[in-house]
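Chain naming follows the written order as A, B and C, and within any one chain the residues start at number 1.
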Amino acid sequence: MVLKKLFSKTEEKFFHSNTLQNNERHLGDYIFHNVTRLFAFFVLGLMLVMFLELFIESLPSINKFGLSFITSSEWNPVKDKYGALPFIFGTVYSSILALMIALPLSIGVAVFLTEVAPTWLEQPVSILVELLAAIPSIVYGLFGIFVLAPFLKNVVEPFLQTHFGFLPFFKGSFYGFGMLSAALILSIMILPIITSISRDVMKAIPDSLREGAYALGATKWETIKIVLISSRSGVLGATLLGFGRAIGETMAVTMVIGNRPEISLSLFDAGHTMASVLANEFTEATSSLYVSSLMEIGLLFFLITIIINSIARLIVNNVTKKYGKIA
Amino acid sequence: MEEYNSTKYKWRIRKSNIAVMFAVLSALLVLIPLFLILFYTVQQGISSINWDFFTQMPKPVGETGGGMANALVGSAILVLLGSALGIPVGVMSGIYLSEESDSFLPKSIRFLVEVLNGTPSIVIGIVAYITFVVPMKSFSALSGGIALGIIMIPLITRTTEEMVRLVPSTVREASFGLGIPKWKTTLHVILPAAMKGMLTGIILSIARAAGETAPLLFTALGNRFWSTNLDQPIASITVFIYDYAKAPFDDWNRQAWAASLVLIVFVTTLNVIFKIISRKRK
Amino acid sequence: MNSLTKTETIEKTTKPELKEKMSVKYLCAYFGDVQALSTVSMSIYKKRVLAIIGPSGCGKSTFIRCLNRMHEVVGGEYVGEIKLDDVDIKKFNSVILRRKVGMVFQKPNPFPTMSVFDNVVAGLKLNGFRNKSKLKEIAEDCLKKVALWDEVKDSLNKAGTSLSGGQQQRLCIARTIAVEPEVILMDEPASALDPISTAKIEELIFDLRKNYTIVIVTHNMQQAARVSDFTAFLYMGKLVEYNKTKKLFISPTEKRTEDYIAGRFG
C-alpha cells in the first residue's frame, strides 16, 4: 500500500511487526505499571514506618507506665512521672466544644447556601467560607493571641461569669487564654469542612423531594427539615471529619490554650492538648523517659486520629456511593 | 377556610421564618471572623511591610527594623524540597490507583492515603525527627522538606486519581483501538487531558505545605541567620511568625503580623489560581 | 499519487474473489456472569463490508469488541475461536492486534488535548515515528481519504475537539486508517451524527471498502442495506441469520429476521 512506501526499512517493522508475540504484557506496560505501583507502595510503607517508629520509640514509656499512662493525670518531668490523661482530656474537650459551636453554624450556612440564598450569592459565599480553610493555622494562632484572647478576657468572660457564674463551665479566674479561646478558634477552623461537605450532600438531594414537600403544603422550614433528614448520614460524616480536624490541629491551639496540664470543666481554665504538649515540650525534653512518653502521646494521637478519620471516611464514602462524588 | 388562618398555621409560618433567619444569620456570623482576621492582618502588618522586610535579615533583640529574607528563602527551599518528594509520589500513586480499582491492595492504599490526609502534621514532624534528625544529629532543611513532602502526598494522589478517572473512557478506548500500548496511552493521551485538574491539586498542596508550622518545629527548626544548607537548620515564614508572636517585643509582634500578611497573600493567590483553573475546566 | 491510481485501476479490473479475512467460531462472550453472546459463528471476508444489525442489547457491540479484544478492556471475557488470517487472535499481542484491527467508536472521541494534525498521526507518533515531513504526508493523505482535507487544511493546529460532530467522526476514521489497519471495526459510527454527516460517512465506507475489510454495527437497517455486502442479524446474543445483504433483506429465511426488517419489533 502506498503509505508504506513512505517509510524506511526500520520503520516498516511497525507494519509487519512480529505477529506472534505471546508475552501479553508489553514490556513498557510492565515497567510503567510496576513503577507506579512502587510509588503507591511507598505510601503504604510510609504509614507502616510511621506507626512502627512511634511504637518502638514509645516502648520505654509503655513498659514503665503501662495502662496507667492514660489514666494518670500526673505529668511531672521533675519526678520523671508521666500520665497523659490531661492531654487526652484537653484534646477531646476542646474538640467537642468546638464542634458544639461549629456544627449548628455549619448546618445553618449549608442550608443558607443550598435552600435560601439566591443563585448569585451562593458562589461568593461558598468561596469566602472555603477561604477560611485556606488560612494557615499559624495565622489563626496569631489572631487568637492578639485579638481573640484580649477580647475574651475584657468582654466575654466577665460577662459570662457575672451572668452564668453558677455553672461549672464559667468558674475561676480568667486570662483570655484557655479552653474557651481554643474552642472558638477551633470552631472557626473546622467550620469550612463541615459546611462544604454538608452543602454538597444537601445539593445531591434531588429537587423532586423538595417539590414533593412543597406540593403537600410544607413550609420552607419543613422542607428543609426533610432535606436535612435525608442528608443526615453525610452531615454525620462531615461532622466526624471536622472533629478529626479539630483533634489534629496543633499550632493555633498551642498558642491560645494556655498550656497547663489540668483537667477542669471550666472554659476559663488553661488546658493542654496532645498536639500542644508535643509542640511545646518535644525539643525541650531531657530524660529519655520524657522523650519516650512524648512519643507515646504521639502514638496515641496518631491512633485516635486514624480511628476517627477512618469512621468519618467510611460514612462519607458510603454517602458518595449513593449520591456521586461528594468530597 | 378557617383552618388556614388558625394560630397553628401562623405558628408554622413563623417557625419557618425563624429557621430561614437562622440560616442567614449563621452565614453572616461565619464571615465575621474571616473579615476580622483579614482586617487585623492588614492593619497590624502593613506598616512593617517595606522593601527591607523582604531583603534584610532579622535584627538582634532590641533593635527595630530588619526583615525576614532568610525566612522567605527558607520557606521556598522547604516547599521545593517537599514538592520534589510529594509531586512524583503523589502523581505516580494517583495513576496507579486510577488504573487499579477493585482488588484489595489498591483499595487499602486508597484508604491509607485518606488516613495520611487526616494525620496531624505534628505527628509527621515527629516521625521525620526520629528518622532524619536523630541519625543526622542535626536539625536540617532536608528533614523539614521531607516532612512537608509527606504532607503533600495525599492531596496530590487524590486529585490525580480523580482527574485521571474523569477522562472519558472513550478516549482511552480510542487509544487502545489504535494499538497504542497502555503506558503510552496513560502518559501521552490520558495525562495531558487530566493535566489541568492535576495542577489544581498540586497548587493546593503547595499552598498547604507553605502554611505548615508544626512539622517544621522539630525538623527545620528555624534559623536567625542566612542559610541555604540542606543539612543545617533553616528559617521559614511560619516558624518566624511563631517565634515572633511569642516574643515580648512589640516590634517583633508587628513583624509577625506582616509575615502573616505575606503568607495570606501567597496562599490566597494560589487559591485564586486554583479557582480559575478549575472554573475553566468546567 | 501515481501508485494510488494504479492500485485503484488494478482493483477495478480484477474482481477479487471472496477470501476469508477473519473467522469466528462458537463465540460466547461474558461480562462476569452475564452472557452477552452465545455460539456465534461467521466469516468476515476480505475487502467487503459486513453489517451487524439487531435490536439494542442484542450483543452487536460486544461482538465487534471481541474482534480486536477491546472486550477485555472493559473486563469481559470470551470463549470460542476468533482467527485473523488463520491465526487465533489470542496468540497476538493485544496491542499489535489492535493495530491490525482498528476501531471507530459510536461517539466521536478525538484526543482532547491534541490538535487536528496530532490526532490523525497520534497512533504513529506514539509508536515512535518522528519524521515530521512523512507524518505530514500521511496526515494529508488520510484526511483526503476521509474527505476532510479541504475542510481542515487551514486549521490543522486547532484542537481536534473544536470540529463539528461529523468532522470529528471523520477525523477519528482518519486517525484509525493512519496506522494502516487491515480490518476496521465501526461501532454505530453515524448514530450520533446528523443526516448530512451520516451520508458522508456512508460514502466514506464505500470508498474505504476498496482497501479495507470493514465490520459495521448499526441499528439503522437502511444504512446496512446501503453500505454492506454481507449482513448478520443478531438477536438476544445469538446469530439468527447471516447472508449477502441483498438476500437477507429481500428474502430472509428466518421469520424473526423478516419481522425485524419489517419493523414489527426492536
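The rule we apply is simple: contacts are C-beta pairs under 8 Å (C-beta built on N, C-alpha and C of every residue); 3 or more make two chains touch, one makes a residue touch a chain.
Every value quoted in this text rests on a predicted model; they were computed, and no experiment measured them.
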item: From chain B, the most remote chain by mean C-alpha position; value: C
item: Closest chain to global C-alpha mean, per-chain Cα centroids; value: B
item: Chain centre separation in whole Å, for chain C relative to chain B (CA means); value: 49
item: Rounded Å distance, chain A centre to chain C centre (Cα mean); value: 53
item: Inter-centroid spacing, chain B versus chain A (mean Cα positions, whole Å); value: 14
item: Multi-partner residues of chain B (at least 2 other chains); value: 181, 184
item: For chain A, residues contacting two or more additional chains; value: 26
item: Touching two or more other chains - residue numbers and ranges from chain C; value: 95-96, 99-100, 127
item: Chain B - residues contacting chain C, complex; value: 167-181, 184-185, 188-189, 192-193, 195
item: Sites on chain B touched by chain A in the complex; value: 12-13, 15-20, 22-27, 29-31, 33-34, 36-37, 40-41, 44, 88-89, 92-93, 95-97, 99, 106, 108-109, 111-124, 126-127, 129-131, 150, 153, 157, 162, 181-184, 186-187, 207, 210-214, 217-218, 221, 238, 241-242, 245-246, 253, 256-257, 260, 263-264, 267-268, 271, 275
item: Interfacial residue positions of chain C with respect to chain B in the complex; value: 68, 70, 73-74, 95-100, 102-105, 107, 109-114, 122-123, 126-127, 172, 175-176, 179
item: Complex contact set, residues of chain A against chain B; value: 26, 28-29, 31-33, 35-44, 46-47, 49-50, 53-54, 57, 104-109, 111-113, 115-117, 125, 127-132, 134-143, 145-147, 188, 191, 195, 219-222, 224, 241, 244-245, 247-251, 255, 275, 278-279, 282-283, 295, 298, 301-302, 305-306, 308-310, 312-313, 325
